[in-house]
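Presented sequentially are two complexes of chain A, the first with chain B as partner and the second with chain C.
What follows is the complex of A and B.
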């Protein structure tokens, strides 16, 4: 995985404490990107904690999957198992937290307090695991400069509504896809919805991955990361005002698989 | 010698053959409810003296959990062997490490070397010596750095040699190569340093230009290269035996990675310590150095590569080197100073009992774990004790399993000692 460079950062919105969490890591044999956006609002007072739980739960599941999963005969089964694991581990972390920190006069489903979205990509060898529940974007830039968006916006997601990991039937809204790759993408970008919402022209958002790659090629990875940090702050201040979080993986020597 | 399903002494059932060596064979067996390993000696190896040695080892007990120690003597049909624990599959042979068959992080390497040197510290403290330290006898779990030391049936009281065993070529101390002594604690210390050199540098400390120039290995060349005239490839005062590019690439590339305090410990053993065993690095010095190495490891945020936060470099040059892999500068995680040790609180770093309890320097029981999210650092108390978290504005309790978001200029009171946090 030495060909990969990763970056993640999160800029806090104007109104509240940061409800977004972002993570990007390269390990010896795999790499992953994860972001989560806590819902915010009065019903979701612990969504920043829920977002952390979601990221940590998925990270553990990705690491386990990368070291233990070998059998690709039954991809559907593997995807289903991943869905169940993600929901179960998030609920376990969340209910443990609630039991240790109960709210005496609270009357609705405690999981709602922790509502969040979750998006993630695991890259290993010649496959990629992509997961998403709720809004946000997962984009991949291919060598021929095509942009692939995994999981188009859910029909359910009208206006500011989002599906959430906290819902009782979240497993139905959770998308999990194991993608076999012929060639690794050049860049993968995972963002919370604050990022796309800060663009007045949506096409500018979709050309972001290509611009990032051009910048890396001319300025180097470190400088590009610093610039992206500034860009995220600008997005918050001039754009949506919402938290903006990104996780990026750059692959500086794409490999063709036979 | 045994068939699967055969039952010895109405109690030990042979399950499977595992392997054989010069002295005997090893079987997987069932004894009561446990699955164990049985080492069974060939009649020519199973001497009365060896049986006595084994009985002595069994009664002394294992120095710590890292030895696959003899548990019980088994006698059957006028022959004998002993029971020991099975080696789990997650452990890999160091032979496979030096032939690059698996990968291991610096975190695992530093933990494994800590455990290895501590294990020999404890063995020697019992008045025993191992006599045949080499990579054939050591197994490592590369994921966590746990180790297992096998073939402990050669262990005897220091200075007593039952089996006539002198050790493995290229691991033997110079005075054994020259035939002037038998294996003992100090020769163990020399072999241990060679083993550590292999783990860290995947090369031999005396294989340099001199070895490369020898066309034919005879006894006199071996004693010259590995005997009391042996010259360390990085001897500071004598550069005749430096590693040769193209032949000794590991020694050249990996030596650069390690901090000066590790290099000094090798230097002591492989220069002055060649002729003078008292100058060899002691196990506790190694152990402290490997904890220091673990403390200083930090991952590059861009490429995930482990780098060393080298305070000596920082002090002399004013800044750290860029990442050894991607060559970019990367932000350094917060550090905690506990007593005189600085630990980088990098993502996934653990604090151990040994960090806070001076009287328990070899205890690697985990007491705290660090996580990084959104470039913020969180520390979880995984001990059973209540700590205090002290910032400039407040003091709060950190209960077991509780998480604190770390801030610059804060302090953790662990009870026994305080740790100061700096960003």
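What follows is the complex of A and C.
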């Protein structure tokens, strides 16, 4: 994964402490991007912790998967196993935290206190794993310049609604896809919903991966990261006002970097 | 374009529809309609101020009135900074069902902004509907945006059938506001125009939850000085 550079950043929303968590890492043989968005509000008072648990759980699962997964004959089974592992790991971290930090008079399902979304991409040389529960976006810019969004938004979810990893039936709302790759994407971008909700025209959001690539080519990776930081601040101050988080993976391979 | 320019030119607050549904039937004639006109006029500056400090929601106002028929008193989505109140007059029957049916028609998915916040629908009425309001309400609830709208109701005086307002609100956590005089009506109208709007714009809900109040109800001024705005309706 020598040709890859990653970047993640998060801007705190206007109302509360940041309940988003973002992570981007490149390792010797794989790379991954993960973001999680704690729901906030009175019912989800520990959602910032739930978001951290979600990222921690998925990071461990991605690392394990990247080392051990080889059998492409049973993709459906692998996807199902990943789903179960993600939910089980998050619930384990969460209930352990709750047992150590109980709220004696709380009557609702303790998992709900920690409600969060979770989006992630694991990239290897010949495949990619894409996972999502809840709102937010995963976009990939392919070599032919097509933008791919792996999971479309559920049209029944409007306003500020989202599905959540805290739900008892979360596994039904958790999407996992293993995508075989002949050519690696130029750029992968994972964002929390504060980002898309900041754009007046949704098409400008979908053009963001291309903008990032053009900027990297003209200004370099580090300067682009700085400018993206400013863009996240603009989103908070003039856009959705929500926490805004991004994780980006850029493929510096010579054919892309013309 | 570049990321810096994108932040300047392509980012904006999320649209939030705020719709008044006002009963202008004959029973509102006189003191009540005068109080309603006064209260909304009074609330406009507070609403504009709240909108200014809530930079992450672009509040758009519309006003639907109903009596024997419905009328869009303000039909276009009007930015709150441009919102001006012109008085409404009261006469005729109280066909709430007709108004709700009309309201349902604007809550279609394709007519609502995709990144919009849940619309806020505020019903103000003083009596029992003279038609089958459930037909219109069912239509609203059949729409995704209708189901997720934040619905509030203010009952003017003591003649209102409370169950109608509870049905409209559709959320046991939210009671109808009962007002007995013009002063209380003004306070509640200001309250829903400011605090509720701010709250709606930032609370996130899971797919199965209804909107929850994230603020305290205002304490009504119960003093009754010698002033006609404190006279009971």
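The working rule: the second predicted complex is superposed on the first by the 251 of 258 C-alpha atoms of A that agree within 3 Å, B and C clash if a C-alpha of one lies under 4 Å from a C-alpha of the other, contacts with A are read in each partner's own complex, and residues count from 1 in each chain.
As a convention for this text, a residue touches a chain if its C-beta (ideal position, glycine included) is under 8 Å from a C-beta of that chain, and two chains touch if they have at least 3 such contacts.
Owing to the predicted nature of the structure, the values given are computational and were not obtained by experimental measurement.
By the touch criterion stated above, A:55 is placed in contact with chain B alone, chain C being left untouched.
Contacts of A:192 after superposition: neither chain B nor chain C is touched.
Once the two complexes are overlaid on the shared chain, A:251 sits clear of chain B and of chain C alike. Once the two complexes are laid over each other on the shared chain, residue contacts for A:204 go to chain C alone; chain B is not touched. By the touch criterion defined above, A:28 lies against chain B but remains apart from chain C after alignment on the C-alpha atoms of chain A.
In the superposition on chain A, A:94 makes contact with neither chain B nor chain C.
Set side by side, chain B and chain C differ in how many residues of chain A they touch, and the one touching more is C.
When the two complexes are overlaid on their common chain A, residue A:238 makes contact with chain C while staying clear of chain B. In the superposition on chain A, contact is made by A:42 with chain C only, not with chain B.
Comparing the two complexes, no residue of chain A contacts chain B in one case and chain C in the other. On the chain B side of its complex with chain A, the touching residues are 103, 105, 301-305, 325-326, 328-330, 347, 371, 373-375, 401. Per the touch definition, chain C reaches chain A in the complex via residues 1-4, 6-8, 10-14, 55-57, 109, 112, 114-118, 144-145, 148, 201-209, 212, 214.
Residues of chain A touching chain C in their complex: 13-15, 39-44, 115, 155-164, 166-167, 173, 196-202, 204, 208, 211-212, 214-215, 224, 227-228, 230-231, 233-235, 237-242. Looking at the complex, you find that chain A touches chain B at residues 1-2, 4-10, 18, 20-23, 25-29, 31, 52, 55-56, 100, 220-222, 225, 245.
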